[in-house]
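Report on the following structure.
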């Protein structure tokens, strides 16, 4: 069995591997409330599952995942740990800069958390690294950019945070961490209004009803997302 | 079996656990060259092993480890990934602030990496959090603060990075990641001179000869460090 | 005729007006290339037109528009003037903080430029102001959040920057600034790839073919957006 | 009629104009209390009037004015909107950097607001841009650097903020915005003492008595300042 | 003899002295070229001489002087050591904040260096400290604000850096540091042009001809400035 | 007698001296409580004494000492003046950068204050300067790195801040500033606990009993440290 993790190798082993210009995957999660039914590490479990399969299939390397992200508006829910915008930007910029300085030229930044502010911090970091190194190719996405394409088809149109997709996917990967019951309520709020505490809208940190979520659907979704991702990665990096 | 990881719980479960004012452990590592014989995640493996045993014994919770640290002077060695001083300060400050905002009052920041600059970033972050919350108790250390007490006794007087202690400890925890051969060389350099690239001193990223390292010694050291740590923690937090 | 502009009043006049808790509108633009056919101030003209009509209808006040925004990826095109993320965040945060300190409690931040990074800077600024003043209500949007709802219906599905909507709207507001001919070309690029220079994709700074744009369509779109906006504003601020 | 505004052109038009190495004017104002008699935009109106005439006469281009400046010590007066020192520095540095990157080499930064801190932010930004681009020529001033030369001659020796010069000049440019009555009072305060709230000194935001101000004097002053400015600009840029 | 220096006391001695609410003087200098005839510490010698006499006369305390200031535009001249704007702001803000936290309420910030950017950093620091502590009185000036009042009277109208006043004053205080010969040349340059290297204007770091400087004039000037300063201080702090 | 101070020379004199590539010494202190018996400038007196003798012996130059350092945890004691971590880093970085820009290549940064955070700020500044100028040699230390080697030998094993070494050394240099009586008490505290106010541990700002301190011991220690330092400096800079 080939090791997938960058950090399980010695430095001379990495030095050797870098000569083949491998794809390097940087998975990111978030420690945040996902309702009464899903664990706090929900956003880390999903991209990690994908990263491991992509690495196996494409002979890529996975650097240590960053389990923390920007999730300020969920901080009222116990257990949520958020890092600020500039801290997130800083650490991601530094990590990518280290990789690039070591000749890595194909990077996938894959975030399980997809909030706009979180993704903006990642995007600015990626863009600044590419500006300084125009021959580096970075692919940046949340697996939810792909997952949400199945809304209206396999899952409800308004499926969101801790809803059917997310619950099903975690059931398929770590069923031991999913609770049997859930609570869901969503309040009205003004369009385009700036909201700083999601507890005002979704008192149980669940943005859509997870009713109907099941392991089989999760396996199907995980598989669909994985295949779509692998197709795109092959095209982007000419593999 | 009780779960040790904070992030494997749902938010209402953490809310419940926080009522008992548990000790929370924040393990930190570093992705850095440790010679021809040790893996890049050497500094993460060791505090993680300790954190899990402490959590079991003292009913503590472990938040997701931060695998990245300040290790600028090892960046010439492939595989090393370093984050800057202010990025490290920022993310640690934010994580601790999130914990404190959720009523956590007993925190152990345990770093496998012990470089002075790295520890200064952690210390400043801890101090700033305590200044803003004078009732929070934070214990900050590297397990090497304890490990190095056995220098001159169980191991050579000048044992250091990737030397006998570190090699033995990793052999005891993850023997599959340790290589059989190593390279060691250490050059003279001026006292108190500012060095920015350790490759100028230790061309193989090994600061002392690991000769004599073995699994049994590693188990003994791990056990000694663990017991010492548990004793101090009990005293500090009145457990 | 009632003055709409905050800055055309004396300070005692504003002091008096603030007693009625008026809605205050902060319009933002961007100085950026919009093809061979549209002026650099395209993103300022449109929200300004809306702001004036909203102010008239709802007795709101307009503070001086900020004509500059984050538009780094268009900087290769002459004429484009971009300000950095933190500069944009800083100035918007300061302006909103000044308003809030003077008892303003109903604010609309209306940006003609809708790029994700630009909007993230505005959102973070708005959120930070609301966090520090929980009784302040801020509505944040680009008029293109509403405009793009007509894609697939009144205009092509893939209509974008300098396309049919934008060209038509500017034709309706400032026909003297619109050129008769345009150039359009769009190149393939990898999905989710980080792009730092849009010239690599759209050599004429036009993201969709403006063919078919006309003044009547522009008037219709402007009117639809205005009415939708007024409806939402009334609901959000209970007017 | 030739367009004076940079942002009313398309990008290819600007590209063409830049080949002639035109002078580019960047006008700045401030939204701040100017007594009971003058509007909040007093500091924007005056440099804008000058900029337009200079542009006409010297074939220069005007980029969008920045209507906001550092004016912290007037914040107690309603209507005043101040931006912080680093926000002001940042946005001005970014705007100038964009211009310079597009080959602009002759820039006039013309501020209607002349407070020392405000001007220091502009000066530092200008200096940093020139340090990085030693072939760029930047002229930085407030029109009040010239206007105050007429103190003791055409106007009182101690004329200042909202006094005879300023009132007369605005009467000449935008008479509709000037009120007929004013309030003036100035208190004693310690020499060289640090003052953070000007309300403690001038309760009506008027630093000198505007008595005697009139439109004709304003026209004369505007004309004198304009001609002096044009003379200096011609010398500085060899026009 | 009473000690004048804050730092020559023990902490309990200072604790006792603070009960009388003493005036505290913070002298600042700059290490910068002052022609062929004056030493690099010219800007530190002068305010230090004043501070010592003021302290003696008014029973004030002198904290350690800060010998470094912002002097970027003299950096081409060897020997000049400049600190950046934000470093200067930061250290002055921190020092004043420490004083205020220890109940000091009457502070004189006295700078021998009077460049606009340097003074702006000091002013912003002072203002921010006063904003956070409205009962603190800070007097901020350069002794050259007073010295230049004698221009046209005792000394030439255009006297400046390293000219008659400065040379005379240093001759009176530290004659051993003044050289007998000097070099002076001043080139024309555009009005209001941004200059980043003063070597382009004054190739010998001397802004006006020191011809005629002498010890007696220096003693007279020092005495005049001292008496004027003491008069103002007494008025400002009700001594 | 040769002048030792960089700032007592004119700029052409320094220009001439720099041709011989002299060693430049940058002494740093701290204004902080040192018990009932030692003055606040204790940490400045000691390195200054060393610097002057080193300069005499090795023909080195001393730039103006920085009397302020990071000493946050002593701020509860009156008289202590602390500057923040980033202010300290900033000013030291700027000063070193100025020196390096003027061709200085051999620098000794010598701090009388040895707290870990203080030294980390200095180290980061030094490292960043060396990274940008790989041919610059910087030696960074506190004289206490050497002084503490005599613990257990000439002085008690646990000697520390304001203890026997420090008291003796100051008695030898500035006996007039040392008081005859002292107060000492040290409380127990948890190992590795983050402490932000040292008053909780040492109510008299004295970390070890100064009993037995005397002038002769101070002279001996000063001499031992000086000779050791000179030996190391000669080796490091090939003098």
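Order of writing sets the labels: A, B, C, D, E and F. Residues in every chain begin at 1.
The definition used in the following text is that a contact is a pair of C-beta atoms (placed from the backbone, for glycine too) under 8 Å apart; a residue touches a chain by one contact, two chains touch by 3 or more.
Just so you know, these numbers come straight off a predicted model, no measurement behind them.
> When the contact pairs of E-F are compared by residue number, which of A-C, A-B or D-E has over half in common?
Same contacts by residue number as E-F, out of A-C, A-B or D-E: A-B.
> Rounded to the nearest 5 degrees, how far is chain C rotated relative to chain F when their C-alpha atoms are superposed?
180
> Can you check how far apart chain C and chain E are, centre to centre, with Cα atoms defining each centre and the answer in Å?
49
> When the centre of a chain is set as the mean of its C-alpha atoms, what distance in Å lies between chain B and chain F?
Comparing mean C-alpha positions, chain F is 30 Å from chain B.
> Chain A: which residues touch two or more other chains?
none
> What is the shape of the graph in which nodes denote protein chains and edges denote touching chain pairs (line, ring, star, complete, other)?
ring
> Follow the ring of contacts from chain E in the direction of chain F and write out the chains one by one.
If we begin at chain E and move toward chain F, the chains come in the order E, F, B, A, C, D.
> Report the residues of chain F in contact with chain E in the complex, numbered from low to high.
Going through chain F, the ones touching chain E are 5-15, 18, 29, 31, 33-41, 44, 63-68, 75, 77-84, 86-88, 90-91, 93-95, 98-99, 101-102, 177, 179, 205.
> Going by the contact rule set out above, which residues of chain A touch chain C in the complex?
So the residues of chain A in touch with chain C come to 72-73, 85, 116-117, 119-120, 123-124, 126-127, 130-131, 134, 137-141, 145, 190-194, 196, 232, 235-236.
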